[in-house]
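The chains carry the letters A, B, C, D, E and F, assigned in the order they are written, with residues numbered from 1 in each.
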Amino acid sequence: MSKKKEVLEYVDKEGKRTDGRKADELRAIKIEAGVLPRADGSAYLEWGQNKVLAAVYGPREVIPKHHANPYKAIVRYAYRMASFSVPERKNPRPGRRELEISKVSGEALEKAIFLERFPNTAIDVFVEVLDSNAGTRIAALTAASVALADAGIPMRDMVSGVAIGKISGNLVLDLNKHEEDAPDAVDMPLAVLPNSEEIVLLQMDGLLKRSDWENAFELGMTGCKKVYELQKAALKKKYEIANGDEQK
Amino acid sequence: MSVVIWDLDTDKVINRLKEGKRIDERAFDEYREIKLQKQISENADGSARVQLGETDIIAGVKFELGKPYPDTPEEGTMSVNSELLPLASPTFEFGPPSVESVELARVVDRGIRESKCMDFKSFCIREKELAYTANIDIYVVNYAGNLFDASAFAAIDALAETKLPKVEEDKLVAGEYSGKLKLSRKPILGTFAKISNNIVLDPNLAEEKAMNARFSVSTTEDEMLCAFQKGMGGSFTSAELSSMLDIALKKGKELRKLL
Amino acid sequence: MSKKKEVLEYVDKEGKRTDGRKADELRAIKIEAGVLPRADGSAYLEWGQNKVLAAVYGPREVIPKHHANPYKAIVRYAYRMASFSVPERKNPRPGRRELEISKVSGEALEKAIFLERFPNTAIDVFVEVLDSNAGTRIAALTAASVALADAGIPMRDMVSGVAIGKISGNLVLDLNKHEEDAPDAVDMPLAVLPNSEEIVLLQMDGLLKRSDWENAFELGMTGCKKVYELQKAALKKKYEIANGDEQK
Amino acid sequence: MSVVIWDLDTDKVINRLKEGKRIDERAFDEYREIKLQKQISENADGSARVQLGETDIIAGVKFELGKPYPDTPEEGTMSVNSELLPLASPTFEFGPPSVESVELARVVDRGIRESKCMDFKSFCIREKELAYTANIDIYVVNYAGNLFDASAFAAIDALAETKLPKVEEDKLVAGEYSGKLKLSRKPILGTFAKISNNIVLDPNLAEEKAMNARFSVSTTEDEMLCAFQKGMGGSFTSAELSSMLDIALKKGKELRKLL
Amino acid sequence: MSKKKEVLEYVDKEGKRTDGRKADELRAIKIEAGVLPRADGSAYLEWGQNKVLAAVYGPREVIPKHHANPYKAIVRYAYRMASFSVPERKNPRPGRRELEISKVSGEALEKAIFLERFPNTAIDVFVEVLDSNAGTRIAALTAASVALADAGIPMRDMVSGVAIGKISGNLVLDLNKHEEDAPDAVDMPLAVLPNSEEIVLLQMDGLLKRSDWENAFELGMTGCKKVYELQKAALKKKYEIANGDEQK
Amino acid sequence: MSVVIWDLDTDKVINRLKEGKRIDERAFDEYREIKLQKQISENADGSARVQLGETDIIAGVKFELGKPYPDTPEEGTMSVNSELLPLASPTFEFGPPSVESVELARVVDRGIRESKCMDFKSFCIREKELAYTANIDIYVVNYAGNLFDASAFAAIDALAETKLPKVEEDKLVAGEYSGKLKLSRKPILGTFAKISNNIVLDPNLAEEKAMNARFSVSTTEDEMLCAFQKGMGGSFTSAELSSMLDIALKKGKELRKLL
């Protein structure tokens, strides 16, 4: 009787998913840099139904001071969901899921930033999810990375991410909520430095075979590189607009 | 990177006002440009984004079910909550709601509630047992002055787009709706800043820092006043009040057309 | 069926209200200054059924220090209701209503005090409501103003307040709870500096006509001045007692 | 304005005790003057104000309805809460309950509860389903030593005046009552301070600052002891305990007459 | 019908209690010192079904500094119950009972320690109850005292404790939960400095006759001295082991 | 007394790794000695103590009754909570759960939950109305590195000993049981530290301080992977992942035998 028990065909014979996408196809992604004037850097991102706003403040003074690191900047990352961004209203106070996502996402950014150039400071990254449909942590991290670049913070590389999924035995990219709710779904959020292909964020829920790892990673890497191109394009667009303004 | 020297700004604001001008060249009773974006979140039962100059607000409405209060057994209710997100300003921090955030939420709440624009009886599903609560959540994403008017405007706009979720077996059915929320009025909040002895509508960030008194009034299409809030350490005269009430009624009409 | 729906006669043909008062008549008010020995200044006030205790501490050091203002004293005002002071037991933790009332009440006192004489200090005002029946924020502010004077804090003027109401189309002073619960009731708490007639606190709930403002203010001003006389009398009485003690 | 140099006071307290005297000239087993005011809040179901010297306490009782605990399905319950209001002392602050406030509430609670003065079975409205909870809230409004005895006295006095609210349709009817709360005993708390090697009853503020150990005992009219609490870093001998118990029983009788 | 109403025979004609103990007999007690390597001192204690772990850190710096005492060390004692240590799951947040027990237990240790030798420092004592069956505050304090000695903190004396009880009119030592739940039970936790017989902790719940005090104290004192011997034995055993290690 | 100079330790860890050795002489894929104690609390429905080297963890399971979630009306649930007790380290403090404690609890939770080892349907007592919740509470009593694996091991061991309490009149009967909890799998967590470019299993305290990246994977007896967690500011390559997955599967088998 329960919806989860229904035998569903998540990928049809032609390899099409229920929303018409192919296995390695991402949902539509739109990124805009520099959308919040008060922040040092910011980005707005839509990823399918997901909508997030990211803002960066810093490098700035650390309060309280004993949290500062004398050798490098610290990254403080806050991922939050608006109360109305989910099907059932979320309590406005941050939950444990939000705290954990904030921790691993902030850590994922560390290697991308030249933190050692800004000892004793904090780089604060805030991301607010306004609407959601599976994959918000990766959408948030992708937007945060653009906001960091928009803030002019010197970076080794972007951080680009995607979630790899497995449904009905098929490895696919970028699960939507309907797919994520499948009884045997596996969800594996991945973020990399796209140029060096280093893994900076990796989580997984569900039952995966050992032999799936290499294929899953390869599929994820192609997705991350697509996301990387969109991130660069958003920054380039903002730079062109800014440049255009100057030349007027 | 976000160093701001308020004293200098305050001097500039006051000096321009002496010359009869605002620092951004607006008339004393002029709003900044307003941009309105509707339905910005599909998961919300109603939502809107309002940009008032650089001030940027997201409002969303989400219903929950609960038991009616004992003294109003045939009515549902509403609740307004606001968050001054750290995204919005270098001076905002996470933590328990600041008193500024509480005042913002309560002024928006009263501006709507006291206009009696919503029929709370229509929120009742079963007397004494089950009724809707409308949660109106306001997120400040860029702070550039006059959060009150921008938030109230975003809230009423989100409500104007709001649909009532379907109820089955005493539970809300996510994503299915049983009709639109009816609003009999659309109250508009008007907020004034007193700077030295000048009174201006819709203060921007620099004007807010320079102001010594603040007054807000919510007005309706049938020319009623439905909530006042005076704030800050300064004072107003009765005549100043009279003048602000007239301007608010006039400007409320203009803003209401944007909805 | 609901009580609120009954058509009630709140003001009869002779202009009498349900508790026998005339439109511009205040409930009985009793003020006593200097009632709490530990405080620097204090007052006990009864206003109809409302009972409040106010205490003032300061000017004193501000902790934490970065909350201090180098140009003037800051006023910190705490309005709280005892759990048993209302018909249904109140949760002892301060609610949002109490926080908002504390904010506007503290701001209302600022202009009355020569704050600039005490830079880097705080003047703390605490008011506890012991019993209530509509109008407690004004009762509290009235008591607080007496407690400030009792503390010897130099003031430009008292802060005197009253609530103006409108019921069944009539402007009246000082609504009681029965009147406040009327379906069309308007409640407008007002506080002024009585000598300059400046408005330092003003709130309003309910639907009011634009044309009502001037009359409502005038009515309120007469009420505030009555309250002012009672405040002065309470201080005078305490001074006389103190003086009497000295002359014994 | 509130600068207090405790060390000087402490020296004075100790030196006077060496001479066999207390700084306020009381006998070692003497209470300060007690003033009692009944029914100080109409909205409370019972209330009292107690002034013990300059220590000033307001206690109020307010009933709520709830489900009985599973292990006592035929009983209601009581709950004692205390607040050291910032009105009462320059050293009190708002915030989560201090451990001092928690101890105060729990000692008052046990002094009453363990005397079995209330019949919690009479609080039951429907077995397993509905019962009264008596909330006893204690507000300290002026702190001048010995909050324990003053609070316990205010609490038992408020209870002695308490009426049970009427219940209709499983809800409390505000302002209507179905009878008086019955108290089979009236426990009185007696608190002693050990200063150097002297033991005094009802320590005032200066004595409290000088004390190194504290002992409290609740006594009843039928000469039972129903709660002990030893506090602070010092110690007592068995003989000192014996003597304090005798004094507490004697003084408890005197105080009970004031109720 | 309620279980509490049953007339139960808590002490039989031969003076035996329901668990076979005599009136002055303690439950089995096992103490081990030095069980947690990170702590400066520690102890594990079993007392009947009660199981507690105690750790001591310090003397160490006090943060925030204004909590420090320039004349002596402060003792900070935290008694906590694991969520699963009681019949009905306990909320993990500390309740008011735990806060009160922490306060009186920390105070009970003060006289035993030469606090004046360590001005401006804190001695932190943490006790976690893992399983419980009446008498945990005394079990915790007994373990804490051993942990203090294990930390090498100079002490005047041990703190040794026991609970005296009264059931069905009989004074007995060390109530178990079944006895404590008797309708007329009296429970009197006592802790002393065993050499000077000074009382450092004393609480009591229930209705006790005045004339019971002297007998109750005497009974308690014999119990405390038994506990004291076990505490000393645990420390001696650890010292021997440590010594043995050195001599290897 | 607890002064620790991490930089020195870190240098030592790294220098030994350069020589192909760990500071405690273990192989790179070797666990420290594991001691397991079962049923350490009679009041718990299941409990265990695990010592992994000097790291010391107590886990207990306690059931409660509640309403099933609306989207899984035929299922009960589980909840994992962890506390880094101040007993366990000079750097742990009381207060709201630290983010480290939250991550620990969630990684243990997912390692168990995603293995589908528990049949949450068997937790249902009455559809939509009543179901068991298994509360798994983890207390860290001595912190010496790799809390993840020790906590996950203690949790699964406590679950393996867990009995379901009897339910009567919709309430749990303390101390009476209706049967054992069934576990269809026993997931084992394996955690690796990357230090410079070396990867070691089961980092001890000094290795944890020296590590720049951490990876954990939960494995089952049927050779499935059921949860990943990468942490810290460093990175891994795909090949490093492959290698860690192989080691975790192998070592998981060994540890599972100890249960």
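Everything below uses one rule, namely that a residue touches a chain if its C-beta (ideal position, glycine included) is under 8 Å from a C-beta of that chain, and two chains touch if they have at least 3 such contacts.
Predicted model only: the values in this text are computed from it and were never measured.
K.L.:
I need the common contact partners of subunit A and subunit B, sorted by label.
P.N.:
Neighbours common to subunit A and subunit B are absent.
K.L.:
Going by average Cα coordinates, which chain is farthest removed from subunit F?
P.N.:
Computed centres place C farthest from subunit F.
K.L.:
In terms of CA centroid distance, which chain is the most far removed from subunit A?
P.N.:
Centroid comparison gives D as the farthest chain from subunit A.
K.L.:
When the centre of a chain is set as the mean of its C-alpha atoms, what distance in Å lies between subunit A and subunit E?
P.N.:
About 52 Å, centre to centre.
K.L.:
When the C-alpha atoms of subunit C and subunit D are each averaged to a single point, how far apart are the two points in Å?
P.N.:
Their C-alpha centroids are separated by 31 Å.
K.L.:
Indicate the whole-number Å distance between the mean C-alpha point of subunit B and the mean C-alpha point of subunit C.
P.N.:
27
K.L.:
Distance-wise, how many Å sit between the C-alpha centres of subunit D and subunit F, to the nearest whole number?
P.N.:
Averaging C-alpha atoms per chain gives centres 47 Å apart.
K.L.:
Listing for subunit A: what residues touch at least two other chains?
P.N.:
none
K.L.:
Give the residues of subunit B touching no fewer than two other chains, as numbers and ranges.
P.N.:
none
K.L.:
If we trace the ring from subunit A over to subunit F and keep going, which chains do we hit, in order?
P.N.:
Cyclic order starting at subunit A, direction subunit F: A, F, E, D, C, B.
K.L.:
Could you pull out which subunit E residues touch subunit D in their complex?
P.N.:
Those residues of subunit E that touch subunit D are 2, 96-97, 99-100, 102-104, 107, 110-111, 188, 193, 196-210, 213-214, 217, 221.
K.L.:
Using the touch rule from the top, collect the residues of subunit C that touch subunit D in their complex.
P.N.:
36-40, 42, 49, 51, 53-55, 57-60, 78, 80, 82-89, 92, 94, 124, 126, 128, 130-133
K.L.:
Flag every residue of subunit F that touches subunit A in the complex, lowest number first.
P.N.:
72-74, 97, 99, 102-103, 105-106, 110, 114-116, 215, 220, 223-238, 241-242, 245-246, 249
K.L.:
Can you list the residues on subunit D that touch subunit C in the complex?
P.N.:
1-2, 40-45, 47, 54, 56, 58, 60-64, 81, 83, 85-90, 94, 135, 137, 139, 141-144, 172, 174-175
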